[in-house]
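See below for the structure under consideration.
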């Protein structure tokens, strides 16, 4: 046990799972905001890896400002077309020369962005449907001084804040899994389902409404009947999925804005609303744990694209969530743990100014009974803070 | 009293003012994120007014996606120069033709953005220091159907969430006023102070640390002595200001990252860090009430630039704050009110699905004592929901 | 024989082949100006074909304004890298809606541009080395009225001028063939040779200097010895080629700006100087016949990217050259024919206001002897003017 | 008299003034191509002056690639509006750091471009009608080596070609003066005349047709009658002007594409067709002498924006014209002089490889009679070659 300044305290209210009303949202990977998050984070990882390969350490950069300008499309049964390409501007700062060597930061960013889009969006034609542009400037020169060799614990260069919680509530699990599975294996097997899937869960007491908006892919929709069939199958799939996570009563709504009489339906050519009318940018959607949870404390931090070595906001948001998961997983009797980290400028980032765990225990368990175990679990995670950096670069931690 | 679905309930924990730790932040109007917020909102207001002038009502648009790419600058004692201009891309959707008339949406956006920059940033040379670009596409055609004549209550077209609270805590007041006054009258009288002022307030028990980062304007800084003098005067000013809002112990820190020995100081040519290395975008900084308050529920919504007629997220965030202020102002015995609104798709926006007020009362006052008054105040505000739209267009409500 | 206004007259001076000094230049397909020409013309062809496929005729467009902004590269023996991608902006006007149908003009342009680059530039990585952007506006509405069905002869809508000559002088042939073969079969077999090959031929009396600048591809250049070997082989190849076209004395110079001692050599990563420092745009390089010939009348017209149905400047420049070739090929006794066409606004384009052939005959032949044959050949070509349009769309006529 | 390699020879044909057919064109300063030329040259001058002020000499740059993308406008009697701004991209290369100092090349370029537009285009609102963007890269590093101190004669770094002639033919004078006066004093006094004035002169024998297209400014055109009146007045003005330059028969045509019955007229809001449908770029319009003269040898060189210290193409085109004027002005008996300069790589630019004057003398004068005087005049001008550079930087020589 170190001297770290760790506090464990009881929560003053109910666990979210036990509150009357809960609202949870997740924007799928094909939502314009998430496209920006994904590109920003992929570019970040590519730059970090390049710096490590060439210099043995990550140099200064931040690529957390991608902007997407929607295109124009004319989806149609059986396959429509993109009329005006989506415009994606990757913005950020990077070290372009170090130790006498020049670094192809912009070329790497461009390649990483295009590769990511190619992998994630099978219905988006990279040759005609999207223009990827890059503007990476250089940052302030002295920012590099905060960086050490890989594995050493850097100093905090800002006062920043991270929050995380565990375990996920049932509604959160349903929302998260619905999007992951729909845009994952389900979309692989059912190419009619595009990548732009938006899920909102709203629980009132013991009733959960799951509202899903799915961008259907026109090439796989020959007519309205095929569309309604696809909608029905998504509804069934999500209903089944929900029962794996809750015994509560669940109602699933899919593409509720459709008007079949007017044949106004959610049809796309590319599987994302970025093709028509929906712009996007980094940090406007999901928080670092993949969810938007207005019932919980949230950080405004745009995590995706930030440098995982020295950006305290990114590290502490990811770490808070990791710590909360670890506590909830390792310590018995925890119904909910809410974690909060606040950095101290000039101190090593494994010694936060504040490390607070706010606990709701199971019935019959007192916070005092678990406090030492919780503190120990937190301490272990803080000691391994540089693991966060490594996992981010390896893509083992998602940021949106 | 209407049939509106309004709930008033006691808070389960302490008022933020009474919690042990409180963190509050505000990014000044010259912070790159705030520049984007300000431009986006100004463009929005210009478009709304144009539509009203020409068609008697606001047409569909959203201009909430401005992206700023930082420039490069070489500040110097007595006056440096911008080497590479800032690039500002105004992105959004607008109706460009209606009822047989074409609307100069992009020209209006360009003019509004440039006018805003000219008014707010006296040290930014619009001829050489910034490139303002505009890309406004058109949205999905049928979105217009949700709009009625001005003054009628529109239907909610999305499930969206708004939060607000009142009154501001002492720390919140200090943070808010510090930025407003520094970039307002103080900067007018002391042009050495730029518009990029970032304020963080951290209260632990009864001690408040106010950390201020002020971009000093090099033209008014002949040498290091002048710089340290300017820093000292800001410190004194903020210290005095703080005592107007609290009896607690306050320590003010100004430009703490400076290293005088290395003459590494916070000097700028234009009064904003956008000139060198700091990118920005809409919705990444202050919430609709002007603050970032991790101790409070917050909405992810990017309020600035959204259409104030039918964007529920914008309206409900602004309205929640207005309601909270109204309740706190009109009803005696309220220590803190936290307001939450959730829309119901397809219902008039003055009839939210959820309208919850969570109350902390003063000692000796029960929530039951004030509930009817609170409910009545909320009801009145909801009845006047379209006032929000009008105030936004007139610039009487700030969004960041 | 029609009533066309055709004039045949003797030249007042010597044939270029017989003048003392002759200068000829050709920018290869990988020169930044030629890249723009090639992209502009390819985009034009793709749009024309799309309009024909969808509407049975070519609609209004012009895509003759592509701009290339050079990248930054670090070529190195064995293979270097592009540091900052080339930026290519395809600019023009196109019809985006016709007869109730929308046309994906920008997506088609983007795809055509990228496909062209992929086909022509094997060393350019389309994923990382170049950003292709597109801005196609719409033209003035009533321009469409000048268009008829395919095959009908359109009216001239401008006063425009075209010039052409035949046969090519020896120096012209050498310059043209040197670039074509080096960037063609030779580059296929010798990938060390990039696509940016610039050839200048200068003849003084009976001595021809051929100066060739060849962008060598670093991946295929392990060291300086390999470079000098590649240079030597190009010199030998061009020397051999020249002897096929002339009995005059020829000296070939390759990459004369190299400084071997300083190892300052013409090495590139992508095979084009667009990777570093050389911008380009349409119409700045080769004329419609593939050459720059200061000894001859030339048109300023940027031919590439222009609409081949109604752009008189494009049609008349291509047609003048075709007519001159036809005359030189079909009529005996012609040493040089210089053709000139001037349109008449409002008249069918097969009835030019001026159609002048200026002739230098072989010794012993009078212009009067051949005038009727020449006139007949010109008349035949003018009657088939719409063939030019078809050949351009099919890619059978080059424009640069 | 030096050892310069100067040749004086008789022309083999007639002076252009005596040929049967002559075609001359000038694009006015508000033509989209000329806007680009003017911006490019202004930016060039601003950079050159900056380098001189800071370093005592001009450093490497070329800014000869400005691209204009037309806007969209809705002109109307009494004043219409620009719907979508013109987009102007200033492209080029510049030295951004020298001798330890950084140079604000992009900011200077932006300012110079905007200042030029503000001065030249009174009807263009810089706040709303045009977006000026800048992309200046850095060139190849070793290009600087060719530069010496100001006033020293640099070495040619390329084989380049310049041509010029004097005196102007009557048709050339009429075309040149028509545009200059219409967009000059006439437009000052008659603001209905915009800056986009295109003049074509066509002489057949002794009849000259002058065709003028004038962009009328809608704010000053209340109705069709006012428009036709403005057209009539321009026609009268040009007719009067023509008689000052010729005794030949002149017919003036103004805005011949108008169709009054359909009220299809040449009305603009900004005084330039760049507001709607006409793109532009550098080097596509007037040659260095301000004219397009298909009857004369022309250079393809884009003169505007090129570095006036070491860009041989620019210097030799301007110098050829200056020499021709000097010869025609100083030597009696010259009816036409056509000048040609060809550089020699590695030699001082005042010692061209070829300096040819081709002369048509007045009746009764032999070339031999004037050859020595001509040679001396050429020699003087070559000796003063660096004057060209100075005059270009001072704006005393126009380039388009």
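Order of writing sets the labels: A, B, C and D. Residues in every chain begin at 1.
One rule holds in what follows: a residue touches a chain if its C-beta (ideal position, glycine included) is under 8 Å from a C-beta of that chain, and two chains touch if they have at least 3 such contacts.
All values derive from a computational prediction rather than experimental measurement.
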Interchain contact steps from subunit B to subunit C (minimum; 1 if touching): 2
Where subunit B and subunit D overlap in contact partners, by chain label: none
Label of the chain whose CA centroid is most distant from the centroid of subunit C: B
Inter-centroid spacing, subunit D versus subunit A (mean Cα positions, whole Å): 56
Whole-Å gap between the CA centroids of subunit A and subunit C: 51
Approximate Å spacing (C-alpha centroids) for the pair subunit C, subunit D: 25
Multi-partner residues of subunit C (each touching 2 or more other chains): 84, 87
Category of the chain touch graph - line, ring, star, complete, other: ring
Touching pairs - complete list by chain label: A-B, A-C, B-D, C-D
Sites on subunit C touched by subunit D in the complex: 11-14, 21, 23, 65, 67, 69-72, 84, 87, 89, 91-93, 135, 137-140, 142, 157, 159, 161, 163, 200, 202, 211, 256-257, 264, 276-277, 279-285, 287, 292, 294-295, 297-300, 302, 340, 342, 345, 354, 356
Subunit D - residues contacting subunit B, complex: 74, 81-85, 87, 96, 102-108, 110-111, 114-115, 125, 127-129, 131-134
